[in-house]
Each structure stands twice: as C-alpha cells, then as structure tokens.
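Before anything else, here is the set of structures, which you'll find just below.
In the two assemblies presented below, chain A is common to both, partnered first by chain B and then by chain C.
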Partner chain A sequence: MTTPASTPTLRPAQGDASDLAARFPGVVSPDTRPGFSGFTIPADKLVEVATIIRDELGYDLLSSVTGVDYLPENKMEVVYHAYKTTGGPALVFKVQVPRDNPVVASMTPIWKGAEFQEREAWDLLGIKFTGHPDLRRILMWEGFEGHPLRKDWKEAFYEEDAKPFKSRWPDGKHVLAEARNPFSDNLRFPSGFDPEKMTFADPEEALYRSLKKYTFEDADGIQADHIIVNLGPQHPSTHGVFRSAVILDGETVVSLKPVMGYLHRNHDKIGERNTFLQIIPYTDRLDYFCSMTNNHGYVLAVEKLMGIQVAERAEYIRVIMDEITRIQNHLIFFGMLLNDLGAMYTPALYAFEERELILDIFEAAAGSRMMCNYYRFGGVVRDVPAEALQKLRDLVFDRLPGKIDEMERLLTENDVLVSRLKGVGYLSAEDAINTSMTGPMLRASGVPYDIRRADPYSIYDRFDFKVACRPDGDLYARYMVRVDEVRESIKILQQALKQIPEGPTMSVKPQYQVRVPAGEAYGRIESPKGELGYYVISNGKPNPWRYHIRASSFINLTALEMMCKGEKIADFVAILGAIDIVLGELDR
Partner chain B sequence: MDFWSNPVKFLDDWLTGVFSGWGMAADAARVLTAFVGILVLITLVMVLDIFLVWLERKIVSRFQDRIGPNRVGPFGLIQPFADIIKLIIKENIYPVGVDKAVFNLAPVLMMMSVLLLWAVLPLTSFLGLDLNVGVLYVIGVGALGTVAIIMAGWSSNNKYALLGSFRQVAVMISYEIPMVAALLIPTIFAGSMGINSIVAAQDTWYIVLAPLAFLLFLVSATAELGRAPFDLTEAESELIAGHHIEYSGMKFGLFYASELLHAFTFGGFIAAFFFGGWRGPWVEAYPALGLFYFIVKATIAYWLFGWIKYTFPRIRIDKMLDLNWKFLVPFAFVLVPFLALMHALLRETSFYALGMFLANIALGWATIEILRRRAHGERAKVEGAVEMHG
Partner chain C sequence: MENKESLNLPGYEIPDELKNVVSVTALDRLYNWGRRSSVWPLMFGLACCAIEMIAAQASRYDLARFGMEVMRPTPRQADLMIVAGTVTKKMLPAIVRLWNQMPEPKYVLAMGACASSGGPFKEGYNVVAGIDKFLPVDIYVPGCPPTPQALLNGLILLQKKIDQESIRKVRWYRKGPDSVEIPVPILGPDLIDPRRIPDIKAKAAELASTPAPATQS
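For the complex of A and B:
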C-alpha cells in the first residue's frame, strides 16, 4: 500500500461550517425547519458563497446536488452536500427558487462534478442552471414532455400519489391498472409531436453539436471531418446499454460525450410512490452486483430520520455483508476489466468462481443470490445461519487470501496488462476531486478519501484497516487500488468474524408501516463503486416526499471525457471499464 | 505399383485410366482427375474445419475452467453441425448502403485464401505440391486474406468494420516483414523454397537449429492470423467484431470457419517448417503414416495458438506496431544473416546441430541483455526526471 508523501491537493480546512452564517450575516441563514439542517443561501449569492465554501472553508468535494419540489409552498429547492476530502461531516446548503421559474446559477465553474447532477435536476425537475455548459436532458429522451419528478407530473397509468393504492380493491377484488386506464388516455406528448410520424426535430442534433468538431482542410484543399462513432448502446464493452458519442481522429479520441438513460425507470419517482419499507427491494436493483450495500445506504438514511439504533449483532452482520459485497464486486471488476482489455472471459470466469462462493453466503442469509433485500430499519431481516457463517470463516481465513495472491500472480505483472494500463487515462488529484470522483477512482488519483474512515458509519471505526490509495492516477493505479481494497476487506472480515457477538438482529419490532418523523437525512456509504448516497425527505407520511440517489456510477462518468481525450479507442474501453459502472445504478 | 507407398499417385493413375477408358483425351482426363482431387481435398478440409470448431470450443472451455459443448452427441461432437444448420437457415441480411457484390465476395475470398494454402501444405511426402516457390506462395496467398478483410470492411458501410480493416492493413504491412525473414531461414537451411523439400531436408528438426526463427514465425503468424493478443481487426471488446460485424448467417460462418482453418493451416506450416512435418518413425517404410504425424504436430501447434489466444489480453495497435518495427524487424534482420553465417560455417562439422542451437541461445541471450540494459537506462532516466520534478 502506498500513500503519497504529500497530497498537495488537499486544502487545509481553514474554517468550519458554523462560520458560514457568521461570515455572511443576513445572507446565509440556517435552515430552521424541524428535522432539517444546513444553510439557506439566496439564489443571487450562491456562486459567491459556494466559492468561499470551497476555497476558504475547505469543502472541496461536492458530493450531491439535487432538487426538491415543494409543491404546497410553491417552491423549488436545490440541495448541495459538500465534504472535505480530509474527512468530517457534510456542509449542506440550499437554494430556494420560485416554482414557476426555477433558475439557479450553475455550480460547474466551481465544481465540475455538478455537471451531470445539474443536468439530471433540469431533466427531472425542470430547474434551469444558468452558466451550465451543456444543459440537455440526460436520463429522459430528448422529445420528452414535462419533468417527471415534479409533484404534479403524473405518469401513464397514474392512480394515486402513494402506495398502497386503495383503488385497486374497490370491491375487494383486484383490478389491473391497465384495464381501467387505457394506454392512450393519459399519455402526453410534446406539442406538434405525432407518435405515428415522429415529426420532432432530430433529437441527436444537440448531442452532436455538443461534441467539439474539428473540420480542417488538408494540403490539397479538401475539406475533411473527423468521424463520429457511436460506441453503444449495443456494444460489448459498455457494460449494458451505455452509449458514448466519440469523435475519432484515426484511432485517437478527440471528443466524447456519454449518453445515458436507456435503462431509466425513474427510480426516484417509484420511491416517492412507495412506502419506506417497500423501497428496500427496489434499491437491490440499482447496482445489481451490490444489493447489500445498496440496502445499507438506504436504511442508514431512514434510520437517521427515525433516530433509532441498530442492534449490535446486526451491525456486525452489515459490515460483514458489505465487505464480502466489496470483494465480489472487485472480483467481477477484475474479470470485466480484463474482458475489456481483450482477454475474453478467461480471467472473468476464474473471478466468478470465487464470487459464486460469496453468493452462496448471500443465499443462505437473505434467500436470494443477487436481489438480497436483507437490511431493515434497525437491523437485518434475519440472522445468518451458523453453517453459512462457518462457510464464510473458511472462505475468509483460508481460501480468499490465497486466491487473491494467485490472481495477482497471473495478472499484476503481466506485460501486456501493464503496457495497457500504465500511464493510460490519467486523472490528477485536483481533477478527481473537482469532478466529484469517489471511491476507488478518487483513491487511485492519490486522495486517501474513504467514507469508512473519513466519516465513519455503522461500526467501521472499530476495525483496523488501511485506506487503499495509489498516487499515479492511471488505470494501473485503479486496478491496484482494488486489489489492495480486497485485501483490506479480508482484514476487516477477519476482525468482524472474530468479534461478532450473539444477540438479536433487530433493535425495534419489525413492522410493515414504519413511522418516519418529518425531516431530511443523507445516508451515505462507501459502496464498492464509490460514494452511494441516499437523500430522503419525509413529511411524516408513510411515503417519502423526496427520495434521491447519489449514484457513483453516474457521477464518476463526469471525468470520462477528460480521461479519454488523446487516448486510443482501445483505451477508451479500458478507461470506461476501470470506472466500474453498472447501468442499473447509472440510469436509475 | 504398391498402393500404400503412394496412394494418391495410385488413385490418380487409376482415375485417369478410367477416364481415358471412356474415350477422353489424355490431357482432359488429367485435368478432370485434378479437379476431382481438389474436390476431395476441399471436402475433407471442410470436414476437418467442422471438427476444429468443436476442438476450439473444447480448448477454450478447458482454459476457462468449464466443460464446453457436451449436450449434442457424445462429448458435444455433433454441436458444430447444429451450429451450421442454425447458420444456414438464418435470414440473409444486407444492411443499408452495402456494396452487395463486394460484400458477398469477401467471405468467399476469405475462405479461398485459406484453402489455397492447402495446395502446398505437405501433408505427407506424396501429398502437397512441392512448388519451387512454395514459401513465396504462402506469403502471397496470405495477403489475399487481407484483401478479403479490406473488402468486407469497406463494403459493410459500417465504421467499426472500416476501423477494423484499417487496422488489418497496418498489421499486414508490418508483420509480413518478420514473417518473410523467419521463413527465409528454413529456406536457407534446406536450399529450397519448396515446402516438401524443406520437410525432406529436416534430418534435424529446424526447431533445434533455429528456435529463434520459430519464435519469430510464431509471433508474426499470430499477428497474420489476427488471433489474440493481436486480434485487433476483430477486437471484440472495442470494435465488436471488426470487419465481419455486418455479416450474419453462413457468411459470418465462412469468416469464422476460415479463421479457425487459417490457424490450423498455420499450425501445419509450423509443423512443416520447424517440426519435421510428416517425418517420424517408420515413415520411410509406410509413407502414409506421415499424414498421422503431420496432423498430430499441426494440432499441437494449433493448440499453442489457442493457448496464446485465451490467456493474453489484447495489445494496443500502437504498441503492436512498436513491437514489430522497433524489435521484430531489426531482430529479424540480424537473425537471418547470423544464422546463414553459422549455417555456412558449421554445416560440414560434426557438431552442426549443437553448434546451431548454442548459437541461437547466445543470440537470444545477447538480445535480452541489450533490451534489459536499454530498459534499465530508460527507467533510470524517467525515474530521475520524476525525482527532479518531485
């Protein structure tokens, strides 16, 4: 494990969050709504205050940007969560704008990492960000009418605002929504749009315009263009239906724009329709390799709102599940990265062998291998069987360390691998922080920022482990960070398995309808892919008022263009693979 | 004449006799017999190809810790036939903007370029044309496959296909040079370009006399075949399928089959040039036994290609060209005169084989040592620079 001797990018924390109101008297005011925290900033002072927050208070990592639609108050709110890369809690600041004309200054000049999140807020909530370089729809299609996360937007087959739908059992009998709500009746299209004729303007035009084109004349005076290649949505190396519009100069990438949303299902809206408990199985489907950690982030947020403690044994089980999730995720990562590099499936299948053993543990504990739905508010749904725990002990103490060594012997020093990874896709520490990179991507750029250490949750403060960090910022560093992380995870698991106490796995009585007091909470964990954050607002009803996911797969793509420029098309595939995206989480 | 000493000649004479007996002119009978012979050979080769599909899938599954095809027939042997039926009954798709004539011709030409190689492949002492420019013929026909790839890439009206064929051109131009150099060495040793003569001259296998030439040929043949780690034209994870991305059904099948057959054919050439081809115990007494030895050796070489393919990540195009122009080509230019000189000096001595082998080891060691020194120097330079900046 190498930790850089000096990390010049880390600005010393010169101020504290509490200074903010004192520094701007009369401008910045604390959010006094019960259950809410942070500061409210007037829209016209946002850029000024945000610059101070980044440069003088030292909150250099903008983690989450999201909008909230307060329909009853006729207001739109944009919520920012900023962190220090040296660790510590968040600085939350908010801007409120009128709902009929929501215009907010873009944060992209200060934090480039806001780019995609602001596009998402524009797309789903209709908040305009002035000064944003490329404010287009990001998850919905270009011809889409309306902004679906607004509270007054109603989807096709809309019945009621919140589940459980009473209307489905009018006579005590089940009626299909489709039967009562024919398809064409409640579907709206943009004005002048005929779905039969597809008469709207070329939706891709804005995308291609956003690519930086280079037209030049060659020596004979012939006009020449670079070629645009659309990598995806059907492409073996985009890990699903991800697409990149790329401009190529021969084999070299000149310009690139990621296009996403092919798997978009508006997870946020589904969450707002569901009850708090009903959301848990939906979180499994985000990053479908890591359903355990997805559960964890969500229950963490709701537990914060509810103010309940987690049962001691359940905390250990959670840490154990999180860490074996991390191991199996990184194993898939190694296999898939090698696939992207052209070693078709041989390393991947060896990695899957170990992963299957881990999935056996999941199956024994949760009943499902991938969609675990295992965590509950206050604990986990049921105890891990003793045999599964014993199997896990054998795996963690005897098998996995040797297997990781074996994998490293095969891969780490491989000449072709090293030549493909070393010095490719460089991202400096400054850029990584500025583009809101988290997880292994950030740590591979030499920033030792791991939420398990920087802002500990659950019981991670009890374990002895190192934060994997490599200073090089290239693909090889990203590969090595994951190798180190697997080893550290094994270390945590060994400690947790020795310390795990007996006892109940739930601190509260399990119930179908949990009572969540009004307020907001941001629960974030170090998921295998980066920071996974859940921003939940409750208004005391059975359903959340706002449910937002800060997906690391999504935000880590911000720097994709930066990393790919000037690299070969073969490297693009490897760079994308090293970000480790999962489309379920990316498109939500 | 004894049938077993040269069955092909025997059948040839017999068939010509039959045709002549029907009142055919002697020349016409000879041409017709030749056609029948070609037909039989191609049929047998294509049947072999079908089993290569099975073999390939079994090899890869073993490398990947799986079982491979095992449902259709014993050990899944009938699986390739099921695949072929599926390919044949598939719809014939022409994407928009395809140049139909070229598009259709490309897979045929691709298969042809491989089958033409079998004309000079010395299956046994009596089978396989001992063309006096055999080695040149191999190189020339090899380039024909490249033309087919360019045709496929260009006519498909697809950017991936085009990128794939661009890469193929770069690879072909580069890797033919070390390949020609590697083939020059057996030519010099045997004093002939006829491949059967080269086999006949191998009293000592050339792998002993010129292991470095073998390695050179192996690398450049892998590149020429477009197999991993040099599968840049197909580059599944980057260009999806490269030149044959738009092909479906049996047209794709032809590309796939010709790739496997091409690899096997080159396995055959490795056997012929460096492993004594059809030579083996008792082959003088029973020449037909040579076919068995040849197939075994070719299959082992084929397995070697598979081993390389399924264990290596892909090399990037610029690194691949670097490897060729900065290492393989200069190395080949040293190797050819060096081995020719050693051959001339040691040919008459009693320690010919040992001397040649040691000479190869010495040259290989010197090369590695030079590379190592250079790399250390580079590294010191880079790390020194880093330290100065740091």
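For the complex of A and C:
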C-alpha cells in the first residue's frame, strides 16, 4: 500500500459488505448518493439486520454511532461504523427517519458500546432510541432548551451559518457578539421566559434515579442502606472535570454512573461553522496531550474526501510525530496513574522531564508546545528543522530506551504497585469488544486489535513492530500494555528516522480554502488512547455539513461501571486512571 | 530575593547596636511578604491550560521557587484560584461554589484565552465568555495555552499586587460580611445568573412582543 488516500467509493466493494444486500434483497440497499458508501436499512429492520451483521458477518466492534441532520430533505440519519476485530475495513450502515419524529431502535442490546453515543445523539440531535436503558442527556444538562446540533438551532452568538463571516472578511468590520445578542451575553432564552416562575425538574434527579439503589436487612432486622458518593467534577483524581455518582455498600461499589459534559466545548457545532482548514487547530484541543495524533485523524478523513496523496517525507514526519506523541502520552499516563495510586507526584516528575524534551521538538517543528496545528491536507505545514531532528535522534536512540528501563525498574516489580493493580478492574475480552473499547484498554483484555495493523493508514505497513497485547484484563495488564507500547513506538521511531527521505512536505499547493468534493469519509487512527475517528460529511461547500468526533476517552467509559462493580472505592480511582481519559476529548 | 532585603528597611534610622540583631520593619511589609511567598493555588484544572499549569509546577519551571507549589485539592486551604481552561455553563455553578468556599484573602488568575474571554470556543453554546463575568479576576494571562513562563509572569504580577496591599485597607478585615460571596448560577433552559433575573425577565418579555428571529429555534 502506498497511501491511505483512496477515493471513498472504493470501500463498499470490500469485505463481506456485498453479502448484506444479497441477504436482504429489497430491504438493505446500497447508499447511492455520490461520494457516500455503505448501506441503508429501514428503521423497522435495523435490529434484525444488525444482529446478522454482528453474529454472521463478524463485525463485532461497533466503532461509531452518530446522527446527521439533513434539514433540506427533512430527514435524520443515524450512521453506524462497524469493524471486525480481526481487521479490515468498515461496514457502514445507516438508518433514515423523518425529522419531526426521529425514532430509531437502540443498538445497546447488540453492542453495549452504543450506549453513550446514542445518548449523545439524543442530547445533541434529539433522536430517540427505543429500548435504550438510560436515555438521558449526556453532555448538556437535563432541562437545557433544544437540541443544539440540529441545523435550525442557532446558538446565542450566532452570526452566520458559515465562516469566514462577511462582517469580518474582507473588510473587517466587527461587532462584538455580546452586542448582537438580546441578553448581551452567551444566553438564549425562549421568548416570554420568566425565571421567577420557572419550574424545572432537578437535573440531578434523573441521574440519581438511574443508579441502582441498595438496601439490605441483616439477620437482626437492622436495615443497611446505600451511600451515594459524588466524585467530581472538582476532585483531584478525576483528571479534570469528570464526575461520577457512586452507590456504595460500605466501601464496595454497587452502582456507578459517569457524568460528563463539564468540558463540553461544542466542537461539532463550531466545526460545522468553520471551514475545513479552520478545524485543524480545534482538533488540537480535543486530547490536549496529543495534538499531533488528533490532527492526523482529521486530515486523513478530509484527504479521503479530496482523494489526494500525501507527500512521502510528510508521511514519515507524521509517523514520527504520532509515535513520539504516543510515548509522551504514555509517560504521563504512568505518572498520573501512580498519582492516583497515592505515589503523589514523584513518578509524574520523571514523566514531565521527558515530556519537556519532546515538547521542545514539537515547538521547533510546529511553533507551539502543546497546540501544534501541524498537519495539513496533503502533508505537514513545514519541515522539521534539522536540529530538532537531531534532538529527536538523540532522544530516540540514546535517551528514551534507558529511561523506560529506569522507570520499569522503579515501578513494574514494585510490591505496592503490583498489589494495587493485579486482579483489579477485570474486563473480559468479550465485554471489552461489546462495549466498543479500543486502544490499550482492548489490548489489555487480550484482543490484539491495533488500527495500525488491523486497517493500516499512513505508512504503518512499512514498519516492523509488535502489537502490544496482554491477556489478563486487569489494571496490571493495562499498565504493561502501555510499557510495551512505548518500547514498540521507540522501535518504529528508530526505523522511521533511519528511512526518512528528503523531499517536499506537501503534495499539493497549500490553500486557505480547500475544495472538498461532496461525500462522506471516516478517518480513524490509533491514537494513544484508542480509536480516534472523524466522521466528516461535505456537501461541496467550504464548510463541512457534519463533523463528528469519535472519541475513545468517551466510549471507553462505557465499561467503567462493569469494571468497578464489587471493587473498593479507592480502586475506582485507579480503574479510572487506567482508562486514560482526557476531558477535552471526552466531552468535546 | 529583592523583597527580603527591603523587608528590613522600614524607612527610618536604626540604632547601630541594633543592626543585624533585631528586625525592624513595617507591618504591611511583613504581612505582604508572608502572604506573597506562600500563595497556595487550588488544584483545579478545567482544560488544556491546566496541563501547562502542571508543567509550570514540574521540575523545569518549578513553581516552588515562589512558594506556590502546594496545590490544594480543597478550596478551604487555597488562596488562589487559577482558572486554567474553558469555563462551561455546566461547570460554572461548581466553580462559583468553589470560589465561595475559599477563605479570604483570595485571588483569581484567569489563565488563557478561554478563561479570559471564551477564547477559541467563545461562540459555543455551552461556553461562558470569560470567568470575569462571575468572579473578580485579579490577573489575566493571555495565550492559548500560555506557556509556563507566561504563567510565572502572571504569578509574579500577582505578587506585586499583593505587595501593594495594606493591612488597614484590605477587604477581609473590614466590618461586614466576611467575603464577597457570589450567588450560584442556576441551570435552566440556559444559564441563569441570579443577579440578572429581572433583567432576563424584561428582555424575554420584550422578545415575546417583538418577533426576534435570532433567538428562536
């Protein structure tokens, strides 16, 4: 394979996809819109067909579920991307429902991993999923007015449908957004709204109702009751503003619900207003430890749509940046996990020491330590300076291998670490697949699924590396998978740094306004945290019609309750730490 | 440190036999010196900027040089709230509560574009366009994210601000309620600032009488 930039029309012909239409003649029909692929399934046959897709065609991993609002056609569409954990391309299937009453059967009985994504589609688009166990808002709060991703829903600071806004370009007159809003702020109330007479249900109530309560009567007739504990959103161990409501029996977790949205920054809505190029810096701010890999997933999707190749040198630079990002992310992971276990800050200091050296390279190449904004459609924005490349060589060949050994010497055999991690937070391989776990979490449950191998993108098929995988499914396995991955990343980096050719870093002329043909594309990469996917729909205009992020931090939390049940509350902190979430990506 | 020397210069003559034996200083100087050298920030990160805040605390930039490395997870022990990241409407009630729980003297530092003004996410429907709409910000640090050096600069500015204060004038020793408590915002159809209820009511009534397309769905 030379390039990931294949035309989107190539996909439906591959894999078992063709069987599907043959199996259900007259029911399942290929999506024939130009630039689109996959199959359309009528809403009433969805569960039946999806069961076949999972059980007989073998697409066991439901990667992405998202809704699209087709306002002009007065339709809502739900798009599913399913993959095989043995590798290969996606099976894309879609359901269209009328826009005024969008009701779709929930996929949760077939793939539990759909749970949060369906809640998100309900929250942001107002699509109802029948049979969903707990259909509440997930990113916004209960009681919020409207479904913001609907195309006719306008935010309070709305100016125009698409950037660049005419008020600022070309002649630059600008009115403060506050001055245009009737409430002089980022507020949007229904007309005639009276806050004093407002009656609204307590937004928390639905949450507490969804928890499984616990009461118990012992032999003497003494009633034992449950305790509700709220962790977060301000809590030192939640890695940001994540929150969990937990029901405890003594110290043991009985039931748990993650609560998110405290950092919901509306990436999707802002993305739909932005031009394709303007989105790249926003992707930086998703998983803010890994801006390079975030860029990569997005440019892959758009390159697929545009059907362009990537410059050879740029491919190498991308791989190098992705892998060094992975090392940096995993180092921080070790530090933060140890923080969560109570080894406050010392391991993290070791991690930050290496991270600073890596950030220096990012700064030299991209101009910024964290928000790199480095990848472009067709390449990378500029070449890596020679000195930075030399620093990188020193780091990869001389320094990092020793540092990993040092860290392992301090941690891997450490009694406290082993006893806190071994056998805790178990997740079986079946459950991991069914809950759409990806990345190190899935591999720690014994499923060797790594997109770099399973569905190679960029030039990963040229490198010799092993997919890190551990069968135990506990916290220790999750820790070890990351250790192995750092070593494998170093291997890839050493090969890439030896092979990197000279040449241009862009295959096309850089443009501010790229022309993206109409169609859909799903670009996904193996980010340090799991599968990071971007689902982009273009209608030929300068802005995407739909821009959706499939975030692994978000979906990997589906199994949180499963893993925590029966464990101690202190272990909850470690289990959460081992998922490796980043709030920017979780809440988007 | 420059300030340590000036601490012993009260501005009047010290008898020779007492030099280097006792310390004579102005009360304000001693008071401010003590406080500026032990500003404990709240361990509180909202988004990307928080990572740079942690980097500032780690070995390369080493906040400990300023006596500020003791990040406190509880607001009860914190003197400084570094608002490091995007303030969302959903999070705001929690932030205001945290602020209300911090004892005086307390300061707010808005770190980054988001905390100062909404930054790149200003147009977002869940984003508060700047924490200064609710909390009294002392220092703004620009950047997206500000580098650790920029944050350090902001903290030095805060120290300078503390140096200007006088024990006779500071608000926490005046009579009256102990702190500047801020009413906790309510999450309704949108974020409701309790201080603005009459205003919101009037504006919404106005909207009802005139068809306004911009805020209708």
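Simple rule for what comes next: the second predicted complex is superposed on the first by the 543 of 588 C-alpha atoms of A that agree within 3 Å, B and C clash if a C-alpha of one lies under 4 Å from a C-alpha of the other, contacts with A are read in each partner's own complex, and residues count from 1 in each chain.
The definition used in the following text is that a contact is a pair of C-beta atoms (placed from the backbone, for glycine too) under 8 Å apart; a residue touches a chain by one contact, two chains touch by 3 or more.
The structure displayed is predicted, hence computed values, not measured ones.
In the superposition on chain A, A:Pro236 makes contact with both chain B and chain C. In the superposition on chain A, A:Lys94 makes contact with neither chain B nor chain C.
Within the superposed three-chain model, A:Tyr282 lies in touch with chain C and out of touch with chain B [touch as defined at top].
After overlaying the two complexes on the shared chain, residue contacts for A:Tyr158 are found with chain C alone; chain B is out of touch.
A count of residues in chain A touched by chain B and by chain C gives the higher number to C. Contact with chain C, but none with chain B, is seen for A:Arg369 once the two complexes are overlaid on the shared chain. By the document's definition of touching, of the two partners only chain C reaches A:Phe144; chain B does not. Of the two partner chains placed around the shared chain by superposition, chain B and chain C are both touched by A:Leu349. After overlaying the two complexes on the shared chain, residue contacts for A:Leu263 are found with chain C alone; chain B is out of touch.
In the superposition on chain A, A:Leu583 makes contact with chain C only, while chain B stays out of contact range.
Chain A residues 235-236, 349, 353 lie at the interface with chain B in one structure and with chain C in the other. Taken in their complex, chain A has these residues touching chain B: 227, 229, 235-237, 248, 250-251, 338-346, 349-350, 353, 414, 416-417, 419-420, 568-571, 573.
Interface of chain C with chain A (complex): residues 43-48, 50-52, 54-55, 58-60, 73, 85-86, 88, 90-91, 94, 98, 118, 120-129, 133, 144-145, 147, 186-192, 197, 199-201, 203-208, 212, 214-217. Touching chain A in their complex are the following residues of chain B: 63-66, 159-160, 163, 166, 228-229, 231, 235-238, 240, 310-319.
The part of chain A that touches chain C in the complex is made up of residues 139-141, 143-146, 148, 150, 152-159, 177-178, 180-183, 185-196, 198, 200, 203, 233-236, 240-241, 261-266, 269-270, 273, 281-282, 285, 288-289, 348-349, 352-353, 355-356, 359, 369-371, 583-584.
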